[in-house]
Amino acid sequence: MILNSSLNSIAYSSTLPPDWPGGFWWHWLLFTVIIIVFALTLVMGFIWIERRGMGRMQARLGPNQAGPFGLLQPVADALKILLKEDIIPAKADRIVHWLAPVVAFAPALMIFAVVPFGDGAMLADLDIGILYVVAIASISAIGIFMAGWGSSNKYSMLGAMRGIASVVSYEIPVVLAIAGVVLVAGSMSLNQIVLAQDIPFILLQPLGFLLFFIGGCAEINRSPFDLMEADSELTAGFHTEYSGMKFAMFYLMEYAEAVAISAIIATLFLGGWRGPLLPPWLWFVLKVIFVFFIMVWTRTTLPRVRIDQLMALAWKFLFPLALINLIVTAIQILVWPDALPWILVPINLAIMALLILLWSKLFKLGWGRVEV
Amino acid sequence: MEVAREHIYSDADLDRVEGNQIEALKAHSQQPFPDPDEWLDEKLERNILLITVDAALNWARRSSLWPAICFPACCAFELIAANASRFDLSRFGMEILRASPRQADLMITAGTLTWKMAPQVRRIYDQMAEPKWVIAMGACAISGGIFTSSYSVVPGYNRIIPIDVYVPGCPPRPEALIYGIRMLHSKIARRSLGTEAK
Amino acid sequence: MTVALSGKEIATKIEERFPGSVVKSSPDSLVVKSEFLLDVATFLKTTPDLDFDYLTAITAIDYYDRFEVVYQLTSIKHNHSLMVKTHCYGRDNLSLPSVVGLWRGADFQEREIYDLMGISFDGHPNMKRIVLWEGFEGHPLRKDYGT
Amino acid sequence: MRDTRYARIMVLKTEPFILNIGPVHPSTHGVFRMRTTLDGEVVVDVEPVFGYLHRGIEKLAEERTYTGVIPLTDRLDYVASMSNNLAYCLAVEKLAGISVPERAEYLRVILAELQRIASHLIAVGAFLNDCGAFFTPFLYMFREREKIVDLFEMVSGQRLLYNYMRIGGFNQDVPDEFLPALDKLLAQMPRFIEEYERLLKENEILLARAKGVGILPKEVAINISASGPVLRASGVKWDIRKKDPYSIYDRFDFDIPTGEVGDCYDRYRVRVEEMRQSLRIINQARRQLPAGEVKSEVPHLVRPPAGEAYAHIEAPKGELGFHLVSDNSIAPYRCHIRAPSLLNLTALRDMAIGWKVADLIIIFGSIDIVMGEIDR
């Protein structure tokens, strides 16, 4: 956080009214706290949504005893887990083991610094906001690998290696998908991107949305790409040896990342805080919840892919499609810079349908082959 | 980077080591552990502050009991049935079965324990982080049940680990298990930080 | 319907090929000498009209004076079955030839007999205890165990 | 195919390491341990280690009366207690020459087939769970299993270990409400099976994970004495209900579903198809069910003549056989159990080598073992 303060200080003057009381640092601290509290509340809410939603999808009720509708369930979880014993395995690399949850958890919160909750309502309106998001989001992977290495456990190590492999591969299609959006919006600032969305970019960039959604899910290891903590294979994956507070950090990280990716998707493709009638922040939260709900949905339904299939999906399916998407977008911007967006919508949808059909004919996952 | 290589056992060595562990544990656990219930009768040193904290903490602990995976035998299916749609342990926030014992609070010992398995169960119990509880589910877990006279069966989990709640039945019905869990809830509700610290 | 072949008929066939190998035969089963076991098993598996390609089960029974090892053979091709037995005398250092080379289904079952009955099988690739641990004293399924 | 692939990976000169999967692991279906040698994620070798649930049932059986062994058989394959009871009772009846009344035979078929459906529901659900479908299919299948369990509870008073069949029939007739409840279930069940099928049958990820993975060739399957769905998925049309009909299975009309290649997907499909066939059998048996006694005249303490008998049935997991030796006393002299899971497990090493850890898990799941039966 402190690292970014110099960046923030530049952006700060443009986003906050100058007549606020107190000095610059006070504002910075206040807004940071607000954002963190907001993000953590959202994370708690998401844990509740996932457990309740998953419960309903699995024909049962889900937690409903702790508080009204089980709303206090995440609070109980957090309280309990924070006060549990903290175990460091005898053969663990103590410093790495200790540091890993912090390194993994902090970036997930840092992403929120540039996410707009309303017009200009963000901690730092960076000109390179989306670049910042991409850069920060991949830091979590280091924390995960540290966890895997530091635990001195084979399951953890396998999980961590899978995690790194997936992050490295999926970064590319994700960035290419973002590039399409940046081309259309003409800016890297998330606020500008939202402002440019007179119609949500999901319509203009349907393929980009799909690629980003799949890639994003893979990058934060949501099912069906949850290979690094694959329950049925690696017990608990990279956090097998973690307990108490440190495990709580990983547990929260999982959801904080999901919230972050949902927020980025909502900002880039669903029009962010824009919407009629309701206040902007509510629109934003609703969109985030909608995206997250789709993630929960896929998690409860789909089986998990294998590690080589995961790689194959990234390199053989998402990567070429992302490149084509970028080229097509670039051509469209060059040739019809002032074209009515409503004309491009059916064209892009048609291109997406065509490409996906083509690729699904050309390329099949697995079926007995080991891809890598 | 040089990685310190440990001695690699051959398969035969591994088997022998395992056998030695089992024999050692067997020799060591001829008497059952006393049930850890003394603190219930103690005159608790409580003060106003601790009572409030205790209440909040105990509520959190009993609302989010995550079971560890320890499903040796038949009772496991009643446990899963209790977890499934009809009986639905997820209502109590228990649907998260932690595969890693480090993150679990509750061990439901669903099934017969053999001497070969005993060191593993002891190890899982040791790996669980405090505070932790154990429910002995079913006749085999309590006393060895139908298999007590067998040469390889441990007569009750309490030879190996201390047990908090015993749920009889062979296997216990899910309702019985849920009743046992509620008993454990009430047991947790009477914990106190004041005594815990000692 | 799986036809249970008569032990007597098969016994004559085996006698033709390996004289002196059959100890006794009855309509349900035949008993072969343990030193001929592998030859007889190979014969039963490879002879075209017998074709016992499926080893259903192996059992050992302790009769105090001897151990009887029972092989349940089935032919999936012809749908018939046969019970072959062999005897093993004494209480210590017992051994029989292993049939894992012919039917790999014997793998775990022979190990189990070794573990619980104490009959070891020569030629088995991994002859060690299977359900009990190394260092367990005695062989529990023997009749004199634990008395 | 497997060898060349493995050779290519070995070129990298990585060092294999040993990973112990189990005995307590979420997808080992009990207390099973795989001592796996891995090269990166590729399985180089896997040695099954079991016995963590060895309770000495065969020894305990020698100390009990013939009827007293029935509760022990419940605890063999504890997701298919009725089938175990049936196999044991058939063995004793064969040994002692006891006949079973007509109504009891029909009820036995109905219960055994219901048990097969219940067991396959768990098998399929657990398999999909091993594939990573996060409990959803498993829980849906458990929902249906509960309905069958209700029926069993109606007849036996127990939810899991029924101890319902007796030598010579049953200890009591089914209650009056059983048959209407059965009819209701039979009417509902096809729809539910369709529902599971729709959930994941043609799912691309499931196909990618299960198709072509863990192939068990026909010859190997026979050679390792595989049985049940594992054998049939490899393309061998071998079902004891047809090939060596016991009880009254020769009176019913049903098919033996077989697979083509013997991969995990085939094993999954065979199980789903078998559930449909079981429903067919139950429907027929339900229609033909006669009235009358459910137990023949059997003395309290069965004392079969000296001799031995081997009776086998097609249990949900495969061929379950009981080899009983009698010395004309009230307790079996020797009771050997031919456990299908144990022999099917022999296939694990063959199928898993060369595949990844994730495949090892689903290959193991597709065999569908129950530890109670393996270790006994």
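In order of appearance the chains are A, B, C and D, and numbering begins at 1 in each one.
Here is the rule we use: contacts are C-beta pairs under 8 Å (C-beta built on N, C-alpha and C of every residue); 3 or more make two chains touch, one makes a residue touch a chain.
Note that the structure is predicted; figures quoted are calculated from it, not measured.
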Chain ID, smallest distance between chain and overall C-alpha centroids: D
Longest centre-to-centre distance from chain C, chain (CA-based): A
Centre distance in Å when chain B and chain D are each reduced to the mean of their C-alpha atoms: 29
Length of the line joining the C-alpha centres of chain B and chain C, rounded to whole Å: 43
Distance between the centres, which are taken as Cα means, of chain B and chain A, whole angstrom: 37
Centroid distance [mean C-alpha coordinates] between chain C and chain A, Å: 62
Where chain B touches two or more other chains at once, by residue number: 84-85, 99, 116, 151-152
Multi-chain contact sites of chain C, meaning residues that touch two or more partners: 129, 131-133, 140, 145
Where chain D touches two or more other chains, by residue: 25-26, 51, 54, 56, 59, 139-140, 143, 375
Residue ranges of chain C in contact with chain D within the complex: 1-2, 53-57, 59, 61-62, 70, 72, 76, 79, 83, 103-109, 112, 116, 129-133, 140-141, 145
Residues of chain D defined as touching chain B within the complex: 23-26, 30-31, 35, 47, 51-57, 59-60, 63, 71-72, 75, 78-79, 122, 138-140, 142-143, 145-146, 149, 159-161, 371-372, 375
Parts of chain D lying in touch with chain A, wherever the complex brings them together: 5, 17, 19, 25-27, 41, 128-136, 139-140, 143, 199-200, 203-209, 211-213, 215, 263, 355-359, 361
Residues of chain D defined as touching chain C within the complex: 50-51, 54, 56, 58-59, 220, 222-226, 236, 238, 240, 243-245, 308, 310, 312, 319, 321, 323, 325, 333-334, 336, 338, 342-343, 345-346, 375-376
Chain C partner contacts - residues on chain B that touch it in the complex: 12, 15-16, 18-20, 22-23, 115-116, 151-152
